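The structures come next, written out as structure tokens.
The same chain A turns up in both complexes below, where it pairs with chain B and then with chain C.
Coming up: the complex of A and B.
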């Protein structure tokens, strides 16, 4: 098992490299570039464009650009500057910048008052540095500020709650929890009550859930619960529990319905199997037969779809984040492509494909726990 | 076997009934008609086709006809039953025209993914071995690929001279993205079918590769392919609606439902009708195709074959028996 896991992890490295190469090549083939039009949509004069291309190294051969990019990424975890938003790095846009700086800045403000606004750090503080040198904008050193464990925890806490990646992951996590907690029981119940009105209603609901596009569901929920009834806020995330409900339902319904149908189908297959008849013949209680014997095996198809689903949902849904104005990374999946913001395209695609690869690995490992007969070597 | 005389008679009747030579398609059709939701889906799709064919002359207004005196009015009987948008265009007529966009993407997208998927899957499955392995790894890589980037690439590469051509290109691009599922399915079918005895028999009598593929393998893979195609249509319609919703789809003024929702939902509070009607249209269309596809799958499922007709025969017999009993009483 361990050997299998290690082999799978190693096998994923060339897959990721291949995806990064193809994406890098393909975005260069797509006509138009980051500097063909300015922010207002007016075309940029060719001289200026050439200058900008040279500044970001886009005038070099593609393979050289690729090697530069990957080198920086692997050695420094640096996704490069955003090509369409001057002064912003892709790291900032995806991970929300350096939260430790914010925490330390607050300490500076407590210490020096308004004078703190003219101070910076000689070097951006890392999470495991013991101290950071504070300098004035002129470069003159002021003092050392010592980094305590409280500061580190605060920075990590802010990253987990505020970073765009994490905001997207939170939305995805709540939606997946919703999809599983409703979808699986719904599927089991309708399989056990096959061809009764309970089954028909459950399957009609899940068909509706599969059919309704999530942006329309989201807009419909806003219309009913925010505008007409006024119960829930129309937008935002992370300020109140009320903001969680509509995005979670919007993103989760499709998956919930899909999981319900999948669970029902595999449950129907499993409860006709011989070992279930054996379990019943032994005189086990129906509850034990279903929950202990049937459920585990009927969950295998669900586990399979869970891998790609988690990868897609935890890395942010463009539509849900757009409809509910949530500041995650989902919106970059579209805006980066339409803007031809090359570095941002690479950043989002790499995050998504890494998540995909990891969750598929997790699914493969989970198989082994659900069904010990599944062996890999 | 300790079967009673009546049971034996019953079995005999059933076998006779089946031996009367009911073709797979006849049988499937009967079973489809017994599924109420599938029939409802079929009728709805029929209505959509009717709407798409008559979109040029039956609706009360043209989709681009603006009436600046009556902008943003709510649903009003009898002239604007779905209301009008910010340019005073009739929403009912635009939703009507929108069926054309959704059905065209269904047809063009399905055909595209069918042609590419069947060709690719047939080659991969028929050849098998190392080539098959290589071709399927390529499909795996395609799966992990950024769809949007791919669609934009294809849209830009295909030549377009006017809006309609551009629209068709989008649909082709949507279909190209969806071929992988079809390829996998056909490949799987071919892999299992080519080991069957009837293929061996065909080889024995000297059938060429082309003949084996065209006359033996393809027809036998048709059922699952049709089901996959029908079940894939909601996905195509959804992709078009989503692309139009985010502003990358069908160019205005051609009314696509997704684009109408995207224009309408910014004014959700004041003019909800601009969003509700096209939104309902998308949802109902997806629902209809999903029910139809589901019904088709159940109807064409080979493990279920014959059951509907057997059941129908049993029912007929029961009725006849009851009628006979009534007659005897009287």
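Coming up: the complex of A and C.
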């Protein structure tokens, strides 16, 4: 088992490198570059464009750009500067920057008042440093600030709640939970009551869920629950639990419907299997037969689709983040490409492929628990 | 072994990827939509000139017409007639040229009398639009928004609104303005888009500022004088101006701002706007790395001197442009790239940046150190970033926003239910179709005139765009700019008879009998389908020619056009 996991993880490294290479190459092939048009959409004069290319090293040969990029990424976990958001790094856009600095800054403000605004850290503090040297802007040392466990927890907490990747993951997680909690029971019930009105209603709902486009659903929910009924806030994330409801429904409905249909189909197959007949023949209660014997086996197809689904949803949904103005990373998957923001494209693609690889691995491991016939070697 | 096959496969793909990256072939994602009837006659189309034979045209430059637009930076026709349509401009792709036009532009640039200058721009515009018919203006831009009727607002045509001049109703001190996108940057030298400038216009103050009527008034400056020969501007700064951290604003800060903009390492897009300053272009293009060769210096703390290469009569408009923002190099050095974050940002404008949750919202609050702080009535402005128009409209209707946009489909309902919320704002600029004068058949003047006379612009605005308030364009100078001539005085109006005559003349010259034998390519970028398809249809029905439209995504579009212009 351990050997299997380690081998799979090692295998994924060349896969990710390959993906990075292909993405990097494809970006260069697509016509138009990050500095073809300015932020206003206007063409950029050639001599000015040359400065911009030079500033970001885009005047170098492509293979050299690639090696530089990968070098920084592997050695420093640095995704590079965003080409279309001057002053912002891709790390900040994806991971929200160094939250420990914010926490320590607040301590400085408590300690030194307004004078703290002209102080900075000699080096950006790391999570496991014991202390950080506070210096004035002139470079003159002021004090050591000791980093407590409370500070570290606070920084991690802020990362988990505020970082754009985490915001996207929160939206995805809630939606997946919704999809599973409603989709699986819906599928089971309609399988058990096959061809009754319950089945028809459940499958009608899931048909609706599959067919309504996310965008229409989102806008429709806003109209009904925010504008007409006034129960829920129109947009935003992270300020109130009410903001969770509409995005979760919008993103979760399609998956919920899909999972319901999948569960139903595989449940129908399983309850006709010989071992279920055996279980019933043994005189087991129907509840035990379904929950212990049938359900587990009927979940294998659901588990299979869950891998790619988690990868896609946890890395953010473009539409949901667009409609509800949620500051996750989903929007970047589209905007980075239209802006030709090369470093941001690489960042989003690498995050997505890493997630895909990891969740598929998790699915493979999960098979072992669900189906004892599957063994790793 | 299975693993070996995998290694082999991986190796092959890596090699392929490297090969692709190394070669970088000219691949184009061009979607050509050819109407079925065009396909039948295409064999009979005489194409006398292969594009490669044309000077300066690459094989892919097969456009006869292209869509483009220009939004003006400042209130002088120079910004469009010269900067966009001069034969040497990088912003146009028509390959047109005319010596009289060049001479008129040179004269206009040094003409100090406003009326005489305007007359020169008008003559130049006539040559471009009427005599050569090198561009077909379609309409002049404007912007629309929803603003609560109990708010007093002012939208100058340039630089975005100054919220310091707005008034909220009694009892409220926070204004809520929707942003449609995250501001790409708040670096004063790097920002070029309207969203960033809407924020920067509150945080910063240039030498002059635009008023609601489009004229300029002193802001960071008190007055200026121009030398006899028109090349030296001496600008007197106000002495009570302070930065948000309490430091006085001095002339050197303005010098630093311009020099940082021009420094090639800053790689600022708008550096070229300052090329009129002597030595600026040489410094920006790296001919010299000595910033002292640039014609801007601080004579004392409150006197700024700007030297131009030659007189530029419109230069007062540039004094109000954001390329004249002062900067604090000490702040930029202290915080590096992070200097635009709240807490770090030091500005000289009426507001300070207090919150910037990226991709979520910004908040600005009144700057107590601002010299005119007494005049600023709104204490706080919140800018939630809401990308989707429908969401923004819902939030507006719930009362969560004071200024917002709307999805265009909702306009009829808005005009019916809340007409007093709908405001039309000036946004000087022109939407046009440029014609390739170097490629047949648009190299024929009469044919270009036929194309220009056969577009019913009013019908496109009224029936296709549903924007009856928008102004149809015949010239390139927008109505808000001195020199606007209007339809009937410049260019071509919709006139079927005239169009037919021009077409007949063109066909005689080209030796073509049937207009169905003429095919042209019309290029445009995604998002303009409604207008361009209407133009295509009008050309086909009114002239009987074949129009093939080519639709590209913006980046690819500009890239291809640029490669033709080199």
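Methods note: the second predicted complex is superposed on the first by the 376 of 377 C-alpha atoms of A that agree within 3 Å, B and C clash if a C-alpha of one lies under 4 Å from a C-alpha of the other, contacts with A are read in each partner's own complex, and residues count from 1 in each chain.
Note that a residue touches a chain if its C-beta (ideal position, glycine included) is under 8 Å from a C-beta of that chain, and two chains touch if they have at least 3 such contacts.
These numbers were taken from a predicted model, which means no experiment stands behind them.
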item	value
Superposition on chain A - do chain B and chain C clash or fit	clash
Greater chain A contact set [chain C / chain B]	C
Touching partner for A:63 - first (chain B), second (chain C), both, neither	second
First (chain B), second (chain C), both or neither touched by A:36	second
Partner chain in contact with A:227 - chain B first, chain C second, else both or neither	both
Which of chain B and chain C A:44 touches, first, second, both or neither	second
First, second, both or neither for A:54, with chain B first and chain C second	second
Touched partner set for A:124, first chain B, second chain C, both or neither	neither
Contacts of A:71 with chain B and chain C, given as first, second, both or neither	neither
Which superposed partner A:84 touches (first chain B, second chain C, both, neither)	second
Touching partner for A:18 - first (chain B), second (chain C), both, neither	both
Colliding stretch - chain C into chain B, listed as 6-14, 24-32 or 78-86	24-32
Doubly contacted chain A residues - partners chain C and chain B	18, 22, 26, 29-32, 219, 222-223, 227, 322-323, 338
Touch list for chain B against partner chain A, complex	37, 141, 144-146, 148-150, 152-153, 156, 234, 238, 241-242, 245-246, 248, 261, 265, 268-269, 272, 275-276, 279, 282-283, 286-287, 290-291, 294
For the chain C and chain A complex, residues of the former touching the latter	10, 13-14, 17-18, 20-22, 24-25, 27-29, 70-71, 90-91, 182, 184-187, 190-194, 196, 264-269, 271-272, 284-285, 330, 334-335, 337-340, 343, 357-360, 384-388, 390-391, 394-395, 397-398, 400, 553-562, 566
Of chain A, residues touching chain B in the complex	15, 18-19, 22-23, 26-27, 29-32, 204, 207-208, 210-213, 215-216, 219-220, 222-223, 227, 318-319, 322-323, 333-334, 337-338, 345, 349, 352-353, 356
Residues of chain A touching chain C in the complex	14, 18, 21-22, 24-26, 28-33, 36-48, 51-52, 54-55, 62-63, 66, 81, 84-89, 92-93, 117-118, 120, 137, 164, 219, 222-223, 226-227, 230, 234-236, 322-325, 327, 331, 338, 340
